[in-house]
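Take a look at the structure below.
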């Protein structure tokens, strides 16, 4: 039993994980407080013959305290989350010179279109590979996410990337992997009877390896 | 605490309005949300695909519907008259105005059915013969919104017809106006919704 | 005048009782108490069905490669083939488990049963404002139930697009193989909407206009407050779902394309409409539970509810905020990320009233004289479990973290801590608590306590590990997790969860046995077995048709326990005249 | 793609009626079975009145190269192929013969024995076997999976009721039927985009699919004049008139070449054919 986040291999993942642990600590403390309090009260104030409860309708001071403290904690968390969210998803923070890929989800495959050696989508040397996503490490990657039929969700756990692919929309998603390795794209949104089987391999190459891989694919695609 | 002051005081028993009327208001809130859902979707879809909408009057017969709108507004007036007659115990007035309201409502429905038939059989739109619910978002939203309104009118006309029959049996009077008032609330609501629909579907 | 009329009707109702046929008395009854019991039987049945679907689902998740489904042979080949649950059947299980539990079990049990039963009794009136509409609201649920059950047996099987019915998957039969099943479920939803709206009109009108003399707004029990606010939410949210559902039916049947991009429609529009309904729905599913808990905790602690006004304010603000947070279900949906920011803010705000309520429940227990009977145990269990559900919600509200945990088992854990640990615990508590009033007999305490501990332990064994599975990254609604590299190593956890789920399901039968056994063999209940203050306990158990010979007059707030001026007992009923009990008590 | 409301409604009614009759088997009404048992096809044949049609689908000229299929994501399937790996199957030519041509009598048939026995469609190494299948309307089609991985079988007819079912493991079978004649019903697997099969549904048992060498043979055809239609997924349809004489073999040959590539391929509605000459032509119905 290994209940942990999978290792993180992306730049955004660092701060996402950090936020996760911060929230875990805060909620953990609240959890202990509440659950501990309940157990303690159950033992301490359990009914006894002839005992009489303390008559009170409440305390405005306490009400204010437990309104304001959660509100402050939550406001701080919210503000921090909003900043991070804007960093990750805000359209003004989309990297300008990222390497672009087109990823099209369909029942039950991911088709990835590569920009080819000219590094531009929509040109003659583009080629499409089914269920294999290769890209270089330490480089800004933007995928243009589309769907042919129903809503899918593009999920690479190790890169902390998740975005729904919606038919009729092209949604840009960007990330930057920090290590080479082999991962998987999973579909995270129920998309039909093959939902669980809609996986694709992800290979993060070094820059040189990626060029080599792309060159090896291009002639096949040119036919 | 708060209740200390009220202990033993003259009891509170809700609003000074009879229950059926409160119930109808509450129900109308729900109806507002139903039409808000439809109209909201209409707005979103239309903004999202403005080029698939026809110019006002290109497909829809605005003059006929404008006349129909006028009929519905008239029926609201006669409904008010019917309630006023009931309050005064004017039996002849109750019968006359309830009957008029029913007929106006029924005529409205008749015109709408005629309009639908014309659209489905004789209009062509975007290359396909017949303007139907399957004719793009324009057709889909048009028939859904006007159709549901028409359904509400139909329910209203049925209730009005029943109220009219009761009027002939002498059911209503100065001491029995609640039914007419509550039905009137519903009828005015349906009228109001139509004015909004007519504006956004036919005129804009 | 209204009073006189009401009283006159009350007398009429009382006299009518003897002349009614069996059919009028038990089947097409307009008595709110009978309707409540009809709802109770109905919802318990669907609770079992929903549970059964979950068991099948859990079997598949734990042992995806095994096949050999026990009794698999009784299923048609289109559901289970060679002992394997087929993926399309699995999707139907996922979808219908959620749908049945939300719409046919929990929601009607919270509202249909208890709003019907408690509103007239706790407010001190003879019946609902519109008894015949009330009857209709139950009978509208019957076709909904029949359509739902029938949908499993039509060609293509039951709906399989998730309980959220995301279009286009739900709108295009060619993409799922499910055609009629989906339409039947949507039709059922329209009936459920009708039932819910009719019910809400009744609850709201009755609460506004038919309170007993002296029952001011701030003297209403918190149960009534929560049910009243819930009714408002349902009244305003359900019609939006009905409208959306009808549009979806049109997309399926008559060739419109509201939600289909090929025809210019927008899949995200469905999500906006659904969650505009769906988030208030979440509160519809929890507010009444909060009300029952407040009530039971107060009675069980022999103390007034701590911070009654704050509780009411929290309810009202939840209701208001509930309508502007729907977008937090859609952070990863492709909606403009800037909208995500707005929804984060409103979402975090809605956490505050929930925190207030939790602390006030603890405040109610503080320095109390806790009577730990089954109902009280479930109420305390509610607070403990709801707290976990609320805290795990913070992870989702933080948008960056949501990127990772969205659509994983973390969400599944969260929703079940709120819906099962929350709503269902409170519902069990409510049934143990009001059973004597409903049926005139007590439920067996020993069985009740065993039921609580089994439920509590198994529940946590089932759903706590799901947080872990979610952290590992297991996606929701997947039929077989074993093919994924990042999901290696969670098989044991999934198997443990499944065994615990079987235990949880089985412990439900102990409850069912207790429920039916006590109908005949339970100890006879006196009028007020818990020494409670609210009006329903001041009538016989069970109350007669028409509830009151004479409408009670209310002199006190709802939870006057352990009042220092009242001697020889620790409670003061709402309708006890202050000068009779003790002159000094009149000041409270 | 989305059929008309009234068609759909009629289908719905039919479905509802079937559900009422205890449906849920994923198939259709049982009437065909009973009829089949009452008059087994073999028993009805009187050798003195029937003949045989046989012939070839010839392919001339350059054979188009088939694309390689990237099965790397399904190692289990890819292992079933030789060094060249799996190739697409749309044009299979061997020694001048074109395989997978569906040949059937499209006109002149009056009355036919009911369907008997079951046709089979298997999934082997992420391919349908056979690639083109002929069945009689109402005949059982037994679909099975020989791969121990997920396939879904998504049949999208226009006249019949479609189905979309899945078989997540080896050994799972399902029986389906089409009630109405329809040439052709496309069948695909959405999990493996390259997997495609075609099922020709006709009202009688007088059909065949050309083998690897391009030959076909339709036996037990009652004597008479017929129109024979040949359907191919890349080359569309051709027709030929044949006269069958009792006890003899009629020959009808179809010729194909690479230029015919890209012809419109009729799909869905059963074909409406004119009486043609023996001249071979490509039928373009859409």
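For clarity, chains are labelled A, B, C and D in written order, and residue numbers in each chain start from 1.
Here, a residue touches a chain if its C-beta (ideal position, glycine included) is under 8 Å from a C-beta of that chain, and two chains touch if they have at least 3 such contacts.
Quantities reported herein were computed from a predicted structural model and do not represent experimental measurements.
Enquirer: Show which chains lie in contact with subunit A and also with subunit C.
Expert: D
Enquirer: Using the stated contact rule, I'd like to know whether C-D or B-C comes out ahead in C-beta pair count.
Expert: Taking the two pairs in turn, the one with more contacts turns out to be B-C.
Enquirer: Just the number, please: Cα centre separation of subunit B and subunit D in whole Å.
Expert: Each chain's C-alpha centroid was found; their separation is 56 Å.
Enquirer: Let me have the rounded angstrom distance from the C-alpha centre of subunit C over to the C-alpha centre of subunit D, please.
Expert: 52
Enquirer: How many angstrom between the C-alpha centroids of subunit C and subunit B?
Expert: 34
Enquirer: Calculate how many whole Å lie between the centre of subunit A and the centre of subunit D, each centre taken as the average of the chain's C-alpha atoms.
Expert: Chain centres of subunit A and subunit D, defined by C-alpha means, are spaced 46 Å apart.
Enquirer: What residues in subunit A touch two or more of the other chains?
Expert: 57, 107, 192-194, 196-197
Enquirer: Spell out, as numbers or ranges, the residues of subunit C touching 2 or more other chains.
Expert: Only 86-88, 172, 175-177, 254-255, 266, 309, 479-480 qualify.
Enquirer: Indicate the residues of subunit B shared as contacts by at least two other chains.
Expert: Counting only residues that touch two or more other chains, subunit B contributes 1, 134.
Enquirer: Of all residues in subunit A, which touch subunit C in the complex?
Expert: 1-6, 12, 15-16, 19-20, 23-24, 26-27, 30-31, 34-35, 37-38, 41-42, 45-48, 51-59, 62-63, 66-67, 70-71, 74-75, 77-78, 81-82, 84-86, 88-91, 107, 149-151, 153, 155, 157-158, 160-169, 171, 182-184, 186-197, 199
Enquirer: Can you list the subunit C residues touching subunit A in their complex?
Expert: On the subunit C side, the touching residues are 86-88, 91, 94, 160-162, 166, 168-169, 172, 175-177, 261, 266-268, 301-310, 332-334, 337-338, 340-341, 344-345, 348-349, 351-352, 355-356, 358-360, 362-363, 365-372, 380, 383-384, 387-388, 391-392, 394-395, 397-401, 403-404, 406-408, 465, 467-469, 471-473, 475-481, 483-486, 489-490, 492-493, 561-564, 570.
Enquirer: Subunit D touches which residues of subunit A in the complex?
Expert: Subunit A residues touching subunit D: 106-109, 129-132, 192-194, 196-198, 200-201, 220, 223.
Enquirer: What part of subunit D is in contact with subunit A in the complex they form?
Expert: So the residues of subunit D in touch with subunit A come to 67-68, 70, 72-73, 149-150, 152, 164-166, 190-193.
Enquirer: Quick one: in the complex, what on subunit C touches subunit D?
Expert: Touch list, subunit C to subunit D: 65, 67, 76-78, 81-82, 84, 86-88, 150, 152-156, 172, 174-177, 179-180, 183, 253-255, 262, 479-480.
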